[in-house]
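Structures for review follow.
Two complexes follow with subunit A in common, the first pairing it with subunit B and the second with subunit C.
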Partner chain A sequence: MNSRQPDRRYPPGDLAIWIFILAELSVFAIFFAAYAFTRMNNVELFNEFQQSLDPTSAMLNTIALITSSYFVVRALAAIREDNREGCESWLWAACAMGGVFLAIKSAEYAHHFGMGINLSTNTFYMFYISLTFFHFMHVILGMVILAAVAVKTRQGAYSADEHTGVETGGSYWHMVDLVWLILFPLVYVMR
Partner chain B sequence: MNPRSEHRPMPRPCTLVYLVMLLLTLLTWLIGKTGITGLPVALGVLLLALLKGQLVGDWFMGLRGVRGLWRWAVILWLAIPGALISVAFYLSSGA
Partner chain C sequence: MQYQSQSVAKLYFIAAIGLFVGQILFGLIIGLQYLMGDFMFPEIPFNVARMTHTNLLIVWLLFGFMGAAYYLVPEEAERELESPLLAKLMFWIFLVAGALTVLGYLLVPYSGLAQMTANSLMPTMGREFLEQPTITKIGIVVVALAFLYNIGMTILKGRKTVVNLVLLIGLAGLAVLFLFAFYNPANVVLDKFFWWWVVHLWVEGVWELILGSILAFVLIKTTGVDREVIEKWLYVIIAMTLITGIIGTGHHYYWIGTPEYWQWWGSIFSAMEPIPFFMMTVFAFNMVNKRRRNHPNKAAVLWALGTATMAFLGAGVWGFLHTLSPVNFYTHGTQITAAHGHMAFYGAYVMIVLTIISYAMPILRGRQAANSNRSQVLEMWSFWLMTVSIVFITLFLTAAGILQVYLQRFSDTAMPFMVVQDKIALFYWLRELTGVIFLIGLVVYIASFFVGNDEPEASVEPTAE
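Showing the complex of A and B:
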């Protein structure tokens, strides 16, 4: 969180990760628009099969990701205070919440795949599985990044003066959270 | 606990933002559970999501303190898909 920082020209972290984040966000934006415009010609089908999804699981997953993002903010605040142990702990806690997300989503997939649902079942499930699995892979990558940053924090790579790595990893993780915040209502709730 | 953080006023702003996002998430879930449908409800739910996204961009990603083009990165990302989704739902509602 940058509330106490002066205005800056560039976002926190390595600028390269922001180029990557913009590219990723653009891909997801196209996916979201494709979902919405495909739904225009299949409203009844989308509304019917959307009801087979569990909004409670999606809500719990949203809470898991928001909480993990909050933990990353706390990790960054800790390292800015030169509190390396605190930073590492918050980062592992964020990873754990990512694990909660993966567990809940895996249970959802197991339920649907167990019912014989797959990409070719219908257009709604094609979008549901593609969108959520694409995001699922990003959660895994984000957890790997957070874990790497946590290990480097333990090794003393970051301090109050130099913590670009924490900002870079955190920015990627917030992007993963951001995408889910739109995906959740679009796929599970809006009809 | 680092000594420099001992006298920090609680809760931190980021904690308040986090709690607001939890409340908005629960509201979205409640709307989903009740099964209320219709264009105004769908667009309202989308608006809640866009608001949460803006909070993440400003307070979690730290873009609130950034000036220039980068300040608009998340705002535009939310606005463009948000507008497209709204148009698609409007057209499919037959309104």
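Showing the complex of A and C:
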């Protein structure tokens, strides 16, 4: 874990994923800005219905995603030491934490949809469902990417010398995590 | 030409160019009808001429896409086409069905055509762009299925490249989404809702995959840049296209009676639709700058770069202009829409078809890689004539649209539609004149196929500069 390669490239992973990440972050940024501006004009409505959300679930989900990002870091550290088995295991562990996130979020959706809440209920719920669901889909995509990297790791595609794919997949996953770290306080906490 | 069966593409390309001429002639007719309402009345009224203009465009682009697929799929899959005979047969069926449909539009009143073709059995007619009689629509499905079988089998049995797979996904999506043309609910909100699944999800969804894969193919061939690099770009571009384009359909759902959240979804996602087009521009110029060799077919490279630039401007920038719902509240259905429509269709889809024709046609006609210098120079003239014309048509229509929005909708003393139409007539005249220059560009384009054929191929030696 402490091995340092002085000539490490920047940014890590494939440049293409960074262009993709930038584009994805722009979509989220616009969504967040739209949320913020709309909230400004509907503070009471937003505060009232924010109460109906469950911050504990969201907190657990935050922990799940941060943990998964830590696992991805461990996976990268493992492959840098040519430890393919370790890398693969950490990647699957990260995927599993993604699964935990999906399960908790699904339970939250089940609760709200069970109460008859949908996109047309009011502006707050429109944003809540849209933002979190868009992010939900990204968690699924991120898990697919991590799983693909894990499978390729097992097939011996990566080594201490060449593991761009692990960095690429990891970069995307950290983006998914990072977006949640903004989404969580913005939608669940900030009053 | 590496594979004999690629030659079927030639038929498709020739038909595409022929129908292109028809489209432009009808465009000039409706352009004039904007100014002289009874021009050619009652023989060809405006609604019929407009329908012919748009339908011809769609059909010739489809011919172009099919030709492109028949040309590039065997080369990518490294095997002959599954059935060249089927490809030829479908060509004639499609061409005859298309010709009969257009004749039906022109010779019979539309309601009569509906009666003749027993539209009441399965009503699908009467909706913009999907005006074709039901029997023609069924024909389109048959042709599409045979076509997909043909290239699908070629791809599955051959080398699987990203270019081929993206193209196949795009073409399959095109066929599947067309099925919504048969869904014609009585509820007008639902009708419009699913109508856009054909119209929007074609041009801002699956067609972009077709565009991306054809562009990638031509860039691989003309720049010699590693396939891996180009394929990576293609992946990122199509992912962004689908993320923004699918939910971006919402920018058509603002005023048709759908729930309010579409205002947000449509605005946010469609505002991002220029991103994949911008990536395409960066991608194309990057690849050409990094080229490993100079390809003798300079015209094809020019068309490829032109596509990447004009698609971004027409589809991306001009689309963004009126995509946000508070803006669209004023601009909906004005000449701003027409401005966007012209530059987007030309920049993205007309130009990509002309790109692949420019690349493939010399080879299909027996050249090694490129036409003679003389022919290419003429072709490049046509590129500039048509492209500059479309830029000006777009600018004139944009000016007309801004004026229209102000006079008719924004001003405190709003004027009626027809009064405003008179006030913006100057821009319609300018548009019509520019349209004539476009037609001249098209004639020059066709002429480029007939000149310099007895001269040697252009070479890449510096002396050729």
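Quick note on the criterion: the second predicted complex is superposed on the first by the 182 of 191 C-alpha atoms of A that agree within 3 Å, B and C clash if a C-alpha of one lies under 4 Å from a C-alpha of the other, contacts with A are read in each partner's own complex, and residues count from 1 in each chain.
Throughout what follows, contacts are C-beta pairs under 8 Å (C-beta built on N, C-alpha and C of every residue); 3 or more make two chains touch, one makes a residue touch a chain.
In this text, all values refer to a predicted model and were calculated from it rather than measured experimentally.
Engineer: Would subunit B and subunit C fit next to each other on subunit A once aligned, or clash?
Structural biologist: Aligned on subunit A, subunit B and subunit C fit with no clash.
Engineer: Scan A:119 for contacts with subunit B and subunit C and give back first, second, both or neither.
Structural biologist: Only subunit C; A:119 stays clear of subunit B.
Engineer: Between subunit B (first) and subunit C (second), which, if any, makes contact with A:140: first, second, both or neither?
Structural biologist: Once the two structures are laid over each other on A, A:140 reaches no partner at all.
Engineer: Return first, second, both or neither, reflecting whether A:189 touches subunit B, subunit C, both chains, or no partner chain.
Structural biologist: Touch status of A:189: first partner only.
Engineer: Could you tell me if A:43 is touching subunit B, subunit C, both of them or neither one (first, second, both, neither)?
Structural biologist: first
Engineer: What is the angle, as a multiple of 10 degrees, that the CA centres of subunit B and subunit C span when seen from the CA centre of subunit A?
Structural biologist: Angle at the centre of subunit A: 120 degrees.
Engineer: Based on the superposed arrangement, let me know which partner A:29 touches: subunit B (first), subunit C (second), both, or neither?
Structural biologist: Only subunit B is touched by A:29; subunit C is not.
Engineer: With both complexes overlaid on chain A, does A:103 touch subunit B (first), subunit C (second), both or neither?
Structural biologist: neither
Engineer: After superposing on the shared chain, does subunit C or subunit B touch more subunit A residues?
Structural biologist: Touching more of subunit A: B.
Engineer: Just checking: does A:148 make contact with subunit B only, subunit C only, both, or neither of them? Give me first, second, both or neither.
Structural biologist: neither
Engineer: Using only CA atoms and the superposition described at the top, report the least gap between subunit B and subunit C in Å.
Structural biologist: 15
Engineer: Taking the stated contact definition, name every residue in subunit A that is touched by subunit B in one complex and by subunit C in the other, in rising order.
Structural biologist: In subunit A, residues 26 are touched by subunit B and also by subunit C.
Engineer: Provide the residue numbers of subunit B that touch subunit A in the complex, in ascending order.
Structural biologist: 1-2, 4-5, 12-15, 18, 21-22, 25-26, 28-29, 31-33, 35, 37, 42, 45-46, 48-50, 52-53, 56-57, 59-68, 70, 73-74, 77-78, 80-82, 84-85, 88-89, 91-92
Engineer: Quick check on the complex: what are the subunit A residues that touch subunit B?
Structural biologist: 1-3, 5-12, 18, 21-22, 25-26, 28-29, 32-33, 36-37, 39-40, 43, 47, 51, 55-56, 58-59, 62-63, 66-67, 69-70, 72-74, 77-78, 81-83, 86, 167, 171, 174-175, 177-178, 181-182, 184-186, 188-191
Engineer: Residues of subunit C touching subunit A in their complex?
Structural biologist: 232-233, 235-236, 239-240, 243-244, 259-261, 264-265, 267-269, 271-272, 275, 279
Engineer: Note which residues of subunit A are touching subunit C in the complex, please.
Structural biologist: Touch residues, subunit A against subunit C: 14, 16-17, 19-20, 23-24, 26-27, 30-31, 34, 119-120, 126-127, 130.
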